[in-house]
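What follows is chain A paired twice: with chain B in the first complex and chain C in the second.
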Partner chain A sequence: MREIRLAKKIIFTLVKDRVQYNGRLIADFLSIFARCGVLLILYWYVFKLNNGLVNGVTYITIAWSMFLYFTFSVLRLRDISKEIMRDIRSGSVEILLSKPVSYFWYKIWWQIGSGIYPFLVIIIFGGIILFSIIGIPETMSLGLFIPTFLVVFAGAAILSLILYSIVGFMAFWIEDINPIFWMVDKMVMILGGSYLPVALFPSFMYKIALYSPFGASQFITHTVYESWKTNWFLLISIQIFWIVILSILAYIVFLKARKKVSVNGG
Partner chain B sequence: MKSESIIISNLSKKFTFPVKNKSNSWIKNLFKPEIREVVAVNNISFSVKSGERIAFIGPNGAGKSTTIKMLTGILYPTSGKASVLGLDPVKDRKKLAYQIGTVFGQRSQLLPNLPLTDSLEFFGVMYDMTEEQIQSRIIELTKLFELESFIDQPVRKLSLGQRMRAEVAASLIHKPKIILLDEPTIGLDVVAKKTLRDLLLKINKEEGTTIFLTSHDVGDIESLCDRTIIINHGIVIKDMPTEDLSTSFIFEKYIDLIPMTRFESFHELPEGMKYVLKGANKITITVDSNKISVQKSLKKLLEIFEVEDIDVYNADLETVIRHIYERN
Partner chain C sequence: MLKEIKFALYAIKKNIQSSAELRTSFLMNVFGMMINNTAFIILWIYFIKSVGIIGGWTPADIVGLQGFLALSYGIIFSFGNGIRWLPEYVSSGGFDRFMLSPKNLLSRIATSSFNSSAIGDITFGIICLVVYALLIHTSFYQILVLLLLVIFSTIIFLAFSIVVFSTSFFFVDSGSVTSGFFELFITPSLFHGGAFQGAMRFIFTFILPSLLVGTLPVEAIKDMSILKLSVVGLFSFIWMFISIKVFNKAVKKYESSNFMTFGN
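Presenting the complex of A and B:
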């Protein structure tokens, strides 16, 4: 109960904080509009050249898949790595460790609170704009879409936070995690479908995207594919598997990292 | 009889880090670097009673902050034991955090973009206080720390003095039994320093809060702390009432001489006397009264110099502390 109250307080406080800075929200919106928009225009052209179908997938499906990927990135869950690194390098970690909270959980709620406001605004407004321009794929009109989307969205958020937290905890040993962060982040981007939607992957790459934690952390992009109707259960199971494995790993790494704390001063 | 708030016995902390050895190949430096060990705290022991006001001082790198961080459970000791309010800071870190407050002078715990009230409410929830408890404590702290004029301002717009008052207030939201302050007056002007010291004295008297602070500011020690523990190279070298500290170098006297016109030459002085300042308009001399009496030194000085005014005084606390550091 106490943890829920604290999580609520962190999230509401940060939403209040972010609401004061609408400039950043506009910047996020423009950034999504630019990055996603350019890709959507390019894909529209490619699909037009190919009579509207590539690898058996329609343009509407690909557009929504990319939109979900970019909108999910607005949550900035990946930034948890850099936040942890900043705490360790600046020594600010000591402030949280002197409070009656779990550093790990606190950072997770903090990261969710930091991104939830722009995420909600962008998914609602961006979704309305995309819907009014191109409509929605058939999968999104099915009854199972919303409940399975919510489950897979929660799974993707948890998995991303755990994955990037493990990268962040590396800072307890090596301080500068940027090279590791870069590798993991690029894996997530590629296998998550940032450059090329997963539906257009060659079969061996598709399998890697499906069974690796990097791809699993972006499974929301799969929810609009036609195959979602049949493989949603498999994908959610893969997510749960990785969440369990990586949570155990993150917990072990964190316990070891706690002993490595060495803050400035003294 | 007052109970012990803090008991430290044989506490040590060693830090190890890899260092490059220029004579080794880069492969060896990468995979098997030399490990250097720094002993930040070396086998220290002391205890603190409830309600005491302790200055825990020492030069930079002496081990002060490391000790505070071990007392709060932030750092794991390498060996020895610490007990704070009967709890082990490492095993019971969260439980202990409910009963202690911390202020790290060089880091802020407040939410920079939001009004101070938000930070206070935020910490109230963190310490599991009810809404009523939080609101009534905010009213108390606002009155005590005179926060009315800026409580609704975003923290980043506060002056350093206001921010430090706010930091201390935030760390007291849950009425801790002990407050540990790491250089709380760093960077503050004289007025802000005095205000903060007065407030700390007030919470010590009114709420019985034990104060344990590190500082390089002699004013903090003199006006706030009834006991001073000096640490250097990780070892406790003095632990005594602050008022006794000032008299620990009582044998050393200072003499200021002001010239009739100007001091032109500076003669050699007898054993036990040393120039501290040689100026045309002022000379300061130290006298070791174990070697030469003040009376004899004055007589000697009056023989050598033509003076208009003389001032004889004891070393101030800052000088005493400097001497203690230098001797160790």
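Presenting the complex of A and C:
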């Protein structure tokens, strides 16, 4: 109960903070336009050249898949790595670890709280704009869509937080985690279907995207494809599998990392 | 002028020496960045494999595009990384110390920070451009044009970065806003250049110079286009002129934050 109260408090405080600073929302809008908006226009041109069909997939499906990928990135869950690194480098991790609150959970709620407001604004407004311009793919009109989307979205958020937390914990051992962060981040970017949607992958790359934790952390992009009707159970199972495995790994790494902390006082 | 350049070079030398002290971290950053950049080449090559050749762009052109971009990005944000810190300097009041310096303000700010990972960008950029030159079997004349275009695209990159980060003086939450503007400039420059047609090409060439940094230089070399070479060259001077004007105007908006406080 205390944990839930803490989570609520952190999230609400951060949402209030984000509402106050409109500059950040403008930045997120510009960023989503630069990445997703421009890319959607380019893909529109590419599909026009290919008579509306590439690899048997329509433009509407590709557009929604990319929109979901980029909107999910507005949550900035990946920033948890850098936040953990900052705490370790500045030494504030000593103070945070001595508090009667789990450091890991505290960081997770903080990350969710700082990204939830721009995420909600962009998914609502962006979704409405995209719907009014191009419509929605058939899969999104099925009754199955909303419940499975919510499950896979929660799974993607949890998996992303765990994956990037493990990268962050590496800062207990090495000075600068940025190179590891870039590698993991780019694996997520490629296998998650950012600039090149998963539907356009060659078959070997599609299999890697399907069975790796990097691809699994972005399974929300699969929800708009035709195959979602038959594949949803398999994909959610893969996601749960990786959540369990990586949670155990993160827990072990965190326990070992705690032993590395030396409190110097001062 | 010569004294300013000598001081800037001295500051860069000290920055590099300081970064190289943490040797493992320095090398990891350099190699990490090179691997990071490779991801974009992989993505766009698979894009071409999936959708076919668009606008005459082949995988070799993607290598050239990433080369131009990584090299200009690397040069500016390794030796002149301080520009990126401008929002932080302005909001924290740290800008005061630059105002009080007897050196040229812009060069003092630019050389105030060094980013070791950008050395990885420079290395990656050079490798890509060499590979590109080999792939398209460049003539001696094309190599000269390529070198000239590297200079032009670096000037454009520098100039537009100055414009973007100078807006820090106009906003309260400047860090977020400038990063949004910068994203709007840099992200389209990473995209497949052949897919930019019509209005999009016009906007990202003449309003935002995203295509002037990589796409147009690649096309200028490939097509041996004097027109495209001239456009990139001309706009590098125009943007440099605009950036200095914008910076000087923006600095006048600065008010010291004075975070030192009095007596507390």
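Throughout what follows, the second predicted complex is superposed on the first by the 261 of 266 C-alpha atoms of A that agree within 3 Å, B and C clash if a C-alpha of one lies under 4 Å from a C-alpha of the other, contacts with A are read in each partner's own complex, and residues count from 1 in each chain.
Throughout what follows, contacts are C-beta pairs under 8 Å (C-beta built on N, C-alpha and C of every residue); 3 or more make two chains touch, one makes a residue touch a chain.
These numbers were taken from a predicted model, which means no experiment stands behind them.
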Exercise for review: For A:261, decide between first (touching chain B), second (touching chain C), both and neither.
Suggested key: first
Practice item. Check the residue A:4 against both partner chains and state whether it touches chain B (first), chain C (second), both, or neither. Key: neither
Exercise for review: Report for A:189: first if it touches chain B alone, second if chain C alone, otherwise both or neither.
Suggested key: second
Check your understanding: Which partner does A:92 reach: the first (chain B), the second (chain C), both, or neither?
Key -> first
Practice item. Please determine whether it is chain B or chain C that touches the greater number of chain A residues. Key: C
Check your understanding: Counting only touches as set out at the top, which of chain B and chain C does A:21 meet: first, second, both, neither?
Key -> both
Review point. Touching A:31 in the superposition: chain B (first), chain C (second), both, neither?
Key: second
Exercise for review: Mind working out whether A:133 is in touch with chain B, chain C, both or neither, as first, second, both or neither?
Suggested key: neither
Review point. Do chain B and chain C land on any of the same chain A residues, and which?
Key: 21
**Study point:** For the chain C and chain A complex, residues of the former touching the latter
**Key:** 22, 24-25, 28-29, 31-33, 35-36, 39, 42-44, 46-47, 49-52, 54, 117, 171-174, 176-177, 179-181, 183-188, 191-192, 195-197, 200, 204
Revision key, fill the gap. Per the touch rule above, chain B residues touching chain A in the complex are 15, 40-41, 61-67, 69, 72-76, 93-95, 97-98, 100, 102, 104, 106-107, 109, 111, 113-114, 118, 121-123, 125-128, 182
Revision key, fill the gap. Note: in the complex, chain A contacts chain B through residues 2, 5-6, 9-10, 13, 16-17, 20-21, 90-95, 97-102, 258-259, 261-266
Exercise for review: Within their complex, state which residues of chain A touch chain C.
Suggested key: 21-24, 26-31, 33-35, 38-39, 41-43, 45-46, 49-50, 54-55, 174-176, 178-180, 182-183, 185-186, 189-190, 194-196, 200-202, 205
